[in-house]
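The structures come next, written out as structure tokens.
Shared chain: chain A. Partners: chain B in the first complex, chain C in the second.
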Partner chain A sequence: MSVRTEPAIKIAPKSIRRSWLLGGLLIIWVAVAQILQGKATLELAVPENSKFTAWAGEVADSIRDNRNDGLAFKYFFNPIREFVDGFVNIIREFIAIPNGSSSIPVLGWLGVISLIGFVVFAVSNVRMAFAAVALTFACGALGLWTDSMDTLAMTFAAVILSLAIGIPVGIWAGLSDRVLKVVTPILDLAQILPTLVYLAPLALFFLIGPASATIATMVYSIPIAVRLTAFGIRGVPTSPVEAGTSMGTTKRQLLRKVQLPMSSRTIIMGINQTVMAALSFVVIAALIGAPGLGKPVIDALIIRNVGDGFVAGIAVVLIAIMLDRSTSAAITKKDTFVPPSEADRKRRKLALITAGIAAIVGIVLSRQMAWAAFFPKQIDIGSQVANASDSAVTWVTENMELLTAGLSKAVTVGVLNPLESILANSPWYLTIAMITLISLILGGIRSAIVSATLLIAVVATGLWYDTMITFTQTIVATMLTMLVGVVLGVWIGRSVRAERALRPILDAGQTLPAFVYLIPMLGFFGPSRFTAIATGILYSIPIVVKIVGQGIREVPVNMVEAATSTGSTKWQLITKVQLPAAKKSLLLATNQGLIFVLAVVVIGGLVGGGGLGYLVLLGSSKPELQGKGLVAGFCILLLGVMIDRIAQYMVARNSAPKH
Partner chain B sequence: MVRNKRVGAKASVLAAAAALLLTACGGAGVDAEASAAPSGDAALAECGSYAIAMHAWVGYTASAQVITEVAKANGCDISQVTLAEAGVTYDAMESGSVDLVVEDWGGGRWQEWADRGALVEVGDNGNVGIIGMYVPQWMADKYPDITDSANLNKYAELFVTDESKGKGAWYEGPPGYTTIGEKLVSANNLNFTVLPQGTEAALIDVFTKAAENETPAIGYWWTPQNFLAKVPMARVNFPTNDWTDAAEASGLTDYPELPLIKLATPKAMDANDAFTKIVKNFKWTNDDQNAVAADIESGTDPAVAAQKWIDANADTVAGWLK
Partner chain C sequence: MSNNSSAISVKNLWQVFGPNPEKIVDSPDARLPRAELREKTGNTAAVQDVSFDVAPGEVFVVMGLSGSGKSTLVRCLTRLIEPTAGSVVLNGENIMEANAARLRELRRTKFSMVFQNFGLLPHRKVIDNIAFALEVNGVSKEKRHARANEVIELVGLQGFAYAYPEQLSGGMQQRVGLARALAVDPEVMFLDEPFSALDPLIRRDMQTEVIRLHEELGKTMVFITHDLSEALKLGDRIAIMRDGAVVQMGTAEELIANPADAYVEDFTRDVPKSHVLTVRTIARPLADSETATGRTIPADTIIRDATAAVLDANGPVGVVEGGNIIGYIKSRDILQVVGGGTHA
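Here is the complex of A and B:
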């Protein structure tokens, strides 16, 4: 063993014992599963309901029946819906849809672009302003001006409402420990819950349309705003707060003059993340009637038009980059502590006024002239881009079939089927017992109790078999994600040039809606469980690569130098020093990978994944199975919570001081 | 202090912008140019604004687009809302965000919503749906008796894939479509595993590859669908049943022929304007639909494809408006 050469890393004897224990357990599991294959799997035929899902269906029905005259609807849900609908429409009429009796929105395309340029210039700098203008114009050039504006409007509406709730709650949670304690589990839950899962229930309460879509987006983005705001307030150093208190400032003054200004950077970062979260909802929201770029993506999925879907996906990415970079630029601007000189301020003021006048000219023109109101149809490269991506996909499908089919077969036969036979096709009690034991070894007694409780809850719902099918695919997808993600993560963690090259691809990968690559995936691999897995991998790789890269970069320089000076090779350096030292990041990356894979489980159901994802889809379109769909969503949540908890207990254990 | 001043400067510029914007609101010069759009027939000028649900398949798009174009030409304000079929759409009709479904395959699932007064059945649209299990044409040529369900087990081995657990792979229809795969398999003792498919796209992929590479496949398909014209397939016949007897029908049954119907909101049906008339009277054949759908699929803009059919069938269209 070359462990001796790296004195920095010690392997505790306890963890060696642990891995032996795990190995033995796995062997027993495989053996027993082989003997009891096919027994007590609790498989429930697709068209059938369990007692629990039938009951859930009845509840959903009674909610529907009450919708018109139930008191909760009259005085709670309906007013909320009307308010949100109204709010969204005001913003849409401003930039996206005809305003009142007019045939254009309040602002035509030139007006919108001028306004965006001006606002971005005001909050950041001139380079950013031009970039924002160019990116927005590019959306129009793709032939998707109106859809892009609808998306922008929906995003703004959701972000404004999210911040209106998220920032005050975040401040409160930042100031009071008790509030933070109450709020944290709710935030965890909202972030783990796969987005497609709460669409159907939300539509039950808020009906189909922009209101439901906006509220669904808010469920997803409010937690981020709350978390980062609370984090910012808590991060304010104690000395200024104490100084303020000793000078007799009131709590209110303290908040306004000290805590808020000092945490403004984190809060703006929260705004940035809230915007990105809201934007990632675009396509999913289209499933419940939201206007915008999601619609062409879904349409393209339906008629298998790869190109058009891709073009709409690019527009989403462009808007994401535009919003991300402008808000990030606002953060860095906050960082300059050197006060501008008198001349600088004068120049800036003059520039602002000039830009303002230009913006106003643009706005007025866009209301008076047809060419400035309707985006010019001559500038439309959408079909060229669509054709190019169409032919690229066709080429891969036709020429790489050996590779794609081979990969799919290797994973299905080599990993997926064996794992499925252990998890899903062996008795439920065996699976529960083994998972509980494993989480006992990995995360301790509390994580074991949590796993056992959640798994028994799954059995009680009657969807055990489908849950295990989904669990199997989630595990395989996460394993493959980690395999690729760690390699790429180490690469970008070690090389600044690699980081720079991959960064835009990773950013695009994170914002490109998963629906866009479903059809190409189908073309490559055909409808199968592997296709669902591949979709999950594509979706979760960017976040894993980023976290691993960050972890590698944060490995103390002296550790790396020590290893290099003792003559370790590059390979030894990576495997014996950098990866072990980045263990915490690796665990976090695995956890996030799993959660991201789970988030697209429902999408996997579209391409042959079966399991819970398919049941969610089934439930939303077959009324007699709506209860089953709702419960399937709930089971995805249970899986997510279980995985998340085990991982958190594991991290807590591993970062505890060694003894 | 410095910062405050700057914010002040910014605010004043923004305020000035807002003020100018408001004055600009008064004269919307663009409208004068844009309102030169065609104004409707005088008799039917009062047509309101309606939203048509747009569903997952090209045939549906063809029907919906033709209705859209005819209604627009008669002064109606039409928007199209893309939605998943069945439950989601019925909910949307209840909430008033969608007014019309031009082709419902739900087989009566909407009854619950109709009972609550959320939607009305408006009768057949003239298209008849024939659902079934299909094999690629090359299989029917090579194994002529495969189209009789009694012989399927003989060939089950051909259909085995990594996905199908040692039995034949049975590609089931997407959620939201009427499917009875499990029943067919168990009632006929077929040695097949029903594989749930999430989208029509997945089935198209399966059948396209089966035809191109001459690989075996059996899956759910239906007409009217212009896909059959491009990729020829043969329908497997199952023992038919008397569908008037619900108890019997759950047995060895095949899919019944399904007259496709229109669903609309009471609002649309009570308005008594051009839209009401079009919705009530719209009726065309499977061939009509396939013709428009084929154009759309080959890349023609749906609006253009619909208009082409409307121009060629002016008499039929005139009949809808009576």
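Here is the complex of A and C:
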């Protein structure tokens, strides 16, 4: 009698074998790493260059020397820089910096606040308008009026330029499959590119200053505008599009009369996200000369002045809330296609006229009266807030040592150091071999090839050791993020009430620039590797929780009911049904977590995180190390691509139909 | 049926998805079962060699289950999907040869479509939805609104001209869809499962509405449905599709009396035959023992409608066609059909 192997039976031992294989591999790795500890680590002292980084430095120098006569500069980079510079200056002179020979911007503080109130009222509602006015005023009250206005101006300049490019390209990608195919890999790359990576290269081509900062911000936010616009156009239901076509519309008519109006909600959502991305980037772009609130934040981080950094951080948060809430209110307005009634519209028109007159009065006053032009110095609670936050941090570190120093020590000694000894302090060939084997087991042959190639490229740059330091921190932070993220994600996935309670916190967490998290973490944990890790965790938890929660919620109800009806306990239900069924979301969350963590961990170089991030920052301040900084940025990119590829192959493998 | 007298004439129409679709057309591969074809060449032959003619003023129903290719077929007729091969002639003009501009013009003036999910534009008032085709054709606002108001009255949407689609019930929304299709006064209307998304009761109202509109306006219609009773109710002729090909085409009576294969028979099994068949199909010669009553009945009377007269007659009733008696029926013959006895 012939035995027929059932496919279902074949799969089970294979996956068991896979985990055994992984376990065995790890044991071997740890053992060999112990024996060969400290050998062939390729460590390069901070002030030294490798052959490759020295060469990169020479290339950077020659680019810099070429700045005035090189054809590419003369006809490409310089005109762009001048245009962007001019554009940014117009906006800055409008609200932030002295305009021409005058000692104030076109609008004094009262004018700016009036205008903000009016615009927010026009796009959303009266409550939001008052909130926006209050939030803007609070920035002034913190003693940071000019910096806040600079940040706002930089953000607006970048957003306007980003949308001017991003929306048309997004529409195009929404309409044409071919264009979508071309832009998708670029968008994907932009999404995994840590922000720190492209600051230095852009500064090299566009000089340090507002122009570079704006262009870098655009590089970051254009993909978001493109993606959401294309998504909106593609999300229009087929039947109205078919109906339009069947009535003989031209492509232009179809776009104008059907596709654009029906995708306006998603496009406005894209504008909201573009604004938030631009804001968070403008803060970081202070590293290459963006004026505004980023500067005091960085200064504070460098000299470890938590109090002042905290004040600037609060101003960033206030602006973030204002921009996010007012643009989201505009989205809610688009929830229905039915416009308000005739009477409502009349009332609204009247209100708009009134608000407009008030705004004009404010603007005129701000140009005529000194008290309305310069933000009153008497209202300055900045130093009080700084002191209060300083003493709060001191209190926490003194009284909750177990929580701060203890936690930091536990993670550093318990997880970070051992992992570092395996990844960074063992021979490079061992690490490469093991990572390649693990990617082979987890993601298949293609991911193994990608890992091996990228890692060998890292070795070739001479920054292997620093890359492994950063990689270690990224892995530790991601593991901890997943630990917290899965617990919270399961919670909000299972309980509507928990979801409702956590959602606003998660939303707020997602809109804040990563930089802002660094300040309190620095206060609690001091300059250390753990500070970088803690910031990475804090920054990436919201996205992980959201993805896991959604995955759990999307587990089919009948699956859950079937398990419950067979008498599963809650724990069994979670571990045996819901988590396995949400496997794809878990992988996706891990991938996102890794990418987010990496982006922040490298910024942690500012506060003692070491690794590639530190080299990037060092490169921008020390001319002899600029090549090393640029190469370090490149290694971050390689690391990001490797992490993303392995995760993508794993996702693909796990979602492929099993036969 | 000759091409010249047809409102629409479809010849050897093919729609093949996948790589090198032309290769599948007329090839033996096309006849393979779906999964096998996909396995072998990567193609799906959604519409296979379909030909039919629709007479002016006729309601032609294409019926099939989901996946039978009927929705693809109707989209090929208006070139919303470009067919792989074949011709569609609309009042003497082969629309396959029309260039982009001509195709737009045809769509704006000669034919119109009603969709299963209505396809209304949520950001436009009812009146502007209805006037849309006129608007894209450059008709002035005054004129197109005047025309829209006419059709609003026609479909019973008075008072809703300035409402928005999402303020209307599903049935009312599809009335807007109908009005929109009527607004251009088309030569042919294509209706793609227009009532499938509606509740049964409202569906029945809308079917009646279509019958009324057809009687009033006499539009040629190609009506797609998966619902046999809808097909029987509306269709002058019905084409039954399966796996991309037409398996049988004919009047309701022909389909039920002579199903071409087991598939069609299976389909039509539950249809009460007395509601569809005419007395012609059950007329038989007079038996020796019987004597005619002298009463007669026209041959195209539906059996159900003949019941009272025949039961009343107390004996064989003559079935008359063209002035001649072609046979007789009596109450037992009718009861056999009503009682579900097989009779072909």
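For this structure, a couple of remarks:
We take it that the second predicted complex is superposed on the first by the 548 of 659 C-alpha atoms of A that agree within 3 Å, B and C clash if a C-alpha of one lies under 4 Å from a C-alpha of the other, contacts with A are read in each partner's own complex, and residues count from 1 in each chain.
Rule of thumb we're sticking to: a residue touches a chain if its C-beta (ideal position, glycine included) is under 8 Å from a C-beta of that chain, and two chains touch if they have at least 3 such contacts.
Computed from a predicted structure; not experimentally measured.
On the shared subunit chain A, the superposed partners chain B and chain C are arranged side by side without overlap. Of the two partner chains, neither chain B nor chain C is touched by A:M149.
Looking at the shared chain after the overlay, A:M247 reaches chain C, while chain B stays out of its contact range. Annotation: apex chain A, arms to chain B and chain C, angle 160° (C-alpha centres, rounded to a multiple of 10). Shared-chain residue A:V120: touches no atom of chain B or chain C.
Of the two partner chains, chain B is the only one touched by A:Q626; chain C is not. By the touch criterion defined above, A:V84 reaches neither chain B nor chain C.
More residues of chain A are touched by B (comparison of chain B with chain C). Of the two partner chains placed by superposition, A:V169 touches none, neither chain B nor chain C.
With the two structures overlaid on their shared chain A, chain B and chain C come no closer than 7 Å at the level of C-alpha atoms. The interface of chain A with chain B overlaps its interface with chain C at residues 339. Contact residues of chain A toward chain B in the complex are 45-47, 61, 64-65, 67-68, 101-104, 106, 108, 118, 122, 203-204, 207-209, 286-289, 295, 298-299, 301-304, 339-340, 345, 348-349, 352-353, 356, 359-360, 363-364, 367-370, 373, 409, 412-413, 417, 518-519, 522-523, 526-529, 605-610, 613-614, 617-618, 620-624, 626.
Of all residues in chain C, only 75, 78, 80, 103-109, 112-113, 115-123, 132-133, 135-137, 164-167, 180, 184, 190 touch chain A in the complex they form. For chain B in complex with chain A, the residues that touch the partner chain are 2, 5-6, 9-10, 13-14, 16-17, 20-21, 24-25, 27-31, 33-35, 37, 54, 56-58, 61, 81-92, 94-95, 97-98, 109, 112, 116, 161-163, 171, 175-176, 180, 182-183, 194-206, 209, 296-297. Those residues of chain A whose C-beta lies close enough to touch chain C in the complex are 237, 239-250, 253, 257-258, 261-262, 336-339.
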